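Have a look at the structure that comes next, please.
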Amino acid sequence: MDQDYTSYKEYKERKGRDIDSGLTCECGVYGIVTNGDHNSLEIAQMILFGLEALQHRGQESTGMVTSNGTVFHTHKGMGLARNVFNADSMKKLTGNMGIGHTRYSTSAASEQINCQPFVVHSMHGLLSVAHNGELVNAASLRKMVLERGVGLSTRSDSELITQALCLNPPEGEVNGPDWPARIKHLMQLAPLSYSLVIMLKDKIYAVRDPYGNRPLCLGKYPAIEETDDMSSGWVVASESCAFLSFIRYIREVMPGEIIEITEKGIKTVEIVPRPEGHKQAFCIFEYVYFARPNTVFEGQEVYTVRSQCGRQLALEHPLEADIVGSVPESGNAAAYGYSLQSGIPFGELLSKNTYVGRTFIQPNNSLRRLNVALKFSKFFKRIQI
Amino acid sequence: MDQDYTSYKEYKERKGRDIDSGLTCECGVYGIVTNGDHNSLEIAQMILFGLEALQHRGQESTGMVTSNGTVFHTHKGMGLARNVFNADSMKKLTGNMGIGHTRYSTSAASEQINCQPFVVHSMHGLLSVAHNGELVNAASLRKMVLERGVGLSTRSDSELITQALCLNPPEGEVNGPDWPARIKHLMQLAPLSYSLVIMLKDKIYAVRDPYGNRPLCLGKYPAIEETDDMSSGWVVASESCAFLSFIRYIREVMPGEIIEITEKGIKTVEIVPRPEGHKQAFCIFEYVYFARPNTVFEGQEVYTVRSQCGRQLALEHPLEADIVGSVPESGNAAAYGYSLQSGIPFGELLSKNTYVGRTFIQPNNSLRRLNVALKFSKFFKRIQI
Amino acid sequence: MDQDYTSYKEYKERKGRDIDSGLTCECGVYGIVTNGDHNSLEIAQMILFGLEALQHRGQESTGMVTSNGTVFHTHKGMGLARNVFNADSMKKLTGNMGIGHTRYSTSAASEQINCQPFVVHSMHGLLSVAHNGELVNAASLRKMVLERGVGLSTRSDSELITQALCLNPPEGEVNGPDWPARIKHLMQLAPLSYSLVIMLKDKIYAVRDPYGNRPLCLGKYPAIEETDDMSSGWVVASESCAFLSFIRYIREVMPGEIIEITEKGIKTVEIVPRPEGHKQAFCIFEYVYFARPNTVFEGQEVYTVRSQCGRQLALEHPLEADIVGSVPESGNAAAYGYSLQSGIPFGELLSKNTYVGRTFIQPNNSLRRLNVALKFSKFFKRIQI
Amino acid sequence: MDQDYTSYKEYKERKGRDIDSGLTCECGVYGIVTNGDHNSLEIAQMILFGLEALQHRGQESTGMVTSNGTVFHTHKGMGLARNVFNADSMKKLTGNMGIGHTRYSTSAASEQINCQPFVVHSMHGLLSVAHNGELVNAASLRKMVLERGVGLSTRSDSELITQALCLNPPEGEVNGPDWPARIKHLMQLAPLSYSLVIMLKDKIYAVRDPYGNRPLCLGKYPAIEETDDMSSGWVVASESCAFLSFIRYIREVMPGEIIEITEKGIKTVEIVPRPEGHKQAFCIFEYVYFARPNTVFEGQEVYTVRSQCGRQLALEHPLEADIVGSVPESGNAAAYGYSLQSGIPFGELLSKNTYVGRTFIQPNNSLRRLNVALKFSKFFKRIQI
């Protein structure tokens, strides 16, 4: 376990850069509450399916926290869910509810300390938070939390959010174990961007920032109602693809909405508004790059949106050509769309090899030539189709 | 390091089953000889690129042996090349020649002892063998080797081949360090199926079985001749996709051919014939399933062959339909071909999630339903395209 | 990384038991400040020597934090220093000062999250704490910290101390970056037991509780003053045995003393008194069991104290016997003392095998008999000496 | 898994050096056959106790092979038994008989391939060998084995012995599955030095070289005969300390003796004589250094022998002195003996710290001084005793 700790000044500077770069904080979050057996492994299995289905949103680390109403069990680690979880770690993750997280690979450093979900003991019981997004005013929120006398272990927004939820808001506003009020208070302090899944010992709050910048959707488990021994419950996830086919897609969490999920069901406890005059602002990169093609946003399947973009491109920029190709995989749907609209046949022109790439030899002429070669090696000449 | 050892009777029975099942022994082999620096890491880097490009042929284990003309350096391990090799293991793998292997996952057992390439000290120097294929008469060859007084550490054909090459053939046939004669002798004893890459301290033999059942092709490094500091040499690999763009595809190794590769170049030392009346028998599953679409076999790109099969299907079985889909990824090219021939638009109907699948909960009604769900969850309804 | 989180109620109950059991929290702490190169690995090497020499005080986990005046580098892990640190982890641990910790194995759970030293970002810069001891009023201190709105990640006293140091004391008492005042405030809230090594980016505070319950001593580096290229500095450690021979033992840190160590030297900034009427209370188990025989406490070598106890026992309880033996290793010195005083020859009667002991078979008659056997197996009959 | 393979010439040169150095091949061997349950874990537990009790003879690697009469289960790995074996690996090691090995750390290289016991499939069934010793004519034996056409995977004597046992001796001497004859044939080819434990699927052969150079002793399990549910059987081990208290020491295996151990009991099948005129030659370093003090060789406890040497030294070289000390731990018994004979009191003068020692900083003046310091740091001044 390695960790480097640097100064606040350096943090602010890095933070600025990260915001400019724009794409730094892609993650997947998942939460589930069922009325099932509080000592069952079933909950961990459900979360694991969800995390694996969200793995494309982050491969740096994967983690899970389950609750049986009393105790939180956690397991987190660097890497893919398939490597982090095994039979031994799974059998401890009992309960009837839980949350999970897949984290995007940012810098190179091994930062196990940043694995989510975060868990703390608060004055009002155990609290765990999984977060997708990046706080635009993280620096000022961090300053506020530090000034209140909290020591922060990491630079992550997620720990910051967790500690900010623990802090007692100023007198007159809210106090005590009124978690919805604490969440609302935080959302007013920091209006974007995040989708949060917040677990207390007996409930989960699903929260989407007032701008709706990050995705979060709601599902019902099981997909088909039946009268048998199966438990039932509610699920939230960054993308509907995480529902697989055993969870029924219900709707998106609304911008600013705080949904409380318990064994008894779901309840919208608050819809925190945006600052006046501000518009909803869903991240366009979800459509373009992040999301799986079979995910649904705003009533539209991502594949269809991408395909329609391709059709539109063919209408706006018609070309004479023999073949339409794509850079796999994100570009596939758009290329199909262009092909369908234009009548030019689609053909696979690039063969993507996800394994090749690591170089261990020192930079020299040979290596430089190899490196160029590696990029182009993924192409091959199509003689006939 | 775990290993279970069972009886010969059990071995024969298993062997019979394996042969029936037909697809048990898919692997990738790679070999390279250059005139470069004998203490360079470059050779290991080249092999690693090759193994990563052949990883689709086997993910159970990966291994590499390099030679500088005197010493063999080896590194092998369970899992993908990306996990088996790191900066530490790479820096020991110096030399100007080497061979590598990726092994297909068969049963569940952790069998590190079976990682290839095999290396032994023989009376005539060091010997290393990488093998793709399965000996149809393994049981009788094994009996012969054991009767000669050799103890075998594993059940693998690859160790069997290695020890069989060490054994002195009966008087009058061949003896001493005449490796081509030893290889030919073995090929007559065991005519199929294999592609072999056999390394001695200063040369490599590339061998394809007389039936041409398993693929093996030859390339020249670098792809473009230049007059500079770069080394040059020859490469053999299971598939041409392993050449990436810095190795020029030359031709396939012919059925029964033994090619000797040294620093000075290549030489066909023997072409061992098939039994009279027997035909060449290339494994059809290479086209259908195993190979990468951008690999070339018998002068044809695999993608093109698959696509032509789709066109042919459309001619033989025309259908009225709205859309042509495929089970990704092997089926993609055939679906494109059907679409092109029939004029029916192609559309992606299945979203393959390579992560989802492991179940840790005990079989019960819930799990059974989940399992069915998992399979179908990969489908989604296309509303419009 | 696994962790279970339980309720506050359960914590208080466990805490009560731990205090009763008395011996739960044995650890080793180490700190060093030199005027040497701020980018040197030398500091990490010094700390590693110290941690290995203190390893007998705790084998559960080992950790180190170094500072170059700006950045803190940390490396921590479960197990012995020899397993936690290697060339890769060491080369990152640069600086001219640092602290380290070896943690005693308590329960069975893998609790990487509890590895010390702890590091947090505070309003007044980076802060790292290594702690040996156990707070007798941990439960009330914890309640205070939680009520101030801090979320705590662990149940450990060490995190509690770290967060308590960050909190701003009530108005009128102390505020801002006056760390000695913060430390003093904490010592008044929690008067025992601890030895603390607290690092800020450019200084270390060495702190011993007002009762002097836990040991901490001060040394000067190098042991012999010389005029050459070597750096010089000050060291604190749980036991003088950690000074090896290249650090000169100076004195013990006094009960209640706060020593500030910088590049410029050492300064006693405060001596916090005990509550009136309370006596100094050094833990007797340090003499009897914990400490190495060559450590010096209160001006006396531990070996000598143990030996004198044996002499005294011989005076108070003289016996006629053939031989004096000991239960190795803590009992050796006392047995020698008894032998010297009584004239009865010493002989080794027990052969301690540190390896034997783990049982994997299920409890049954055989195992029960084996277990008894194992204990007695360490004895052997001495026929003649 | 790393391995370097070098030439035969280099092997012979190294081999020569090893023999000169004399102490290169210290290991521990263990074997047990019981009439107990063939699917029980009990056998693995017994072997593990034995290997842990023999761990002082070798810490490089540890391994175990068990047999249930049909299948051999193996588990081997680098390092101590405590690290190599865990609940998962143990539960597979079922059977009613088995052998084990602890290997001495020679060079630095990670050589997992050399872990013992070795296992091979032979023409006459499974064969496993554990070996303590070093063949003085290894080079010529190796040449013979290679010339017969066997490929050897390692440089180890143990693989050489295993393959030599598989080879059919020349016509007229012996053939077929007569293992005692094969063992005797090998003992005549290679008369020293070794203690061997050789397992076939239903029996173990315990073999000591004709010179009696390496120790091997025989025990009966359980130590005390009782009429209950417990299994009973026979054990062989390098030292009697491995019997702990649940196995009764019977006698040493005689020089040249081949003992066959089956479920039914033991039988001396052969005593292979030394070359005429040659004397028995037990390794003196067993008494001086290798063996545990509570082991019995030739009817004498090692502790007593060492102590008597100290007494004899006091008689031959009386000195006036204040104190007798020792370099722990091998020297302790001799120092006690000197003290008892001379009347000069014994005192512990050196404090051995087994943890300290590794240096990661580059050689420079500081380090050189540190290194000297480290050696002397283990001493401390005794003021009074």
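Chains: A, B, C and D, in written order; residue numbering restarts at 1 for each.
Here is the rule we go by: a contact is a pair of C-beta atoms (placed from the backbone, for glycine too) under 8 Å apart; a residue touches a chain by one contact, two chains touch by 3 or more.
Note that this is a predicted model, so its numbers are computed, not measured.
Peer 1: If you take the chains that touch subunit A and keep only those that also touch subunit B, what is left?
Peer 2: Chains touching both subunit A and subunit B: none.
Peer 1: Measuring between mean CA coordinates, which chain is farthest from subunit C?
Peer 2: It is B whose centre lies farthest from that of subunit C.
Peer 1: Centroid of subunit A to centroid of subunit C, CA atoms only: how many Å?
Peer 2: Those two chain centres are 42 Å apart.
Peer 1: Determine the centre-to-centre distance between subunit A and subunit D, using the mean Cα coordinates as centres, and give it in whole Å.
Peer 2: 56
Peer 1: Is the chain-to-chain touch network here best called a line, a ring, a star, complete, or other?
Peer 2: Contact map by chain: ring.
Peer 1: Across the complex, what residues on subunit D touch subunit B?
Peer 2: By the definition above, subunit D touches subunit B via 1-8, 11, 70-77, 89, 92, 112, 115, 118-123, 125-127, 146-153, 155, 162-163, 165-168.
Peer 1: Contact residues on subunit B for subunit A in the complex?
Peer 2: Where subunit B meets subunit A, its residues are 40-42, 44-45, 48-49, 52-53, 55-56, 80-82, 85, 87, 90-91, 222-223, 228-231, 241, 244-246, 292-294, 301, 303-304, 307, 332-333, 336-337, 339-340, 345-348, 351, 353, 355-361, 364-367, 369-370, 373-374, 376-377, 379-380, 382-385.
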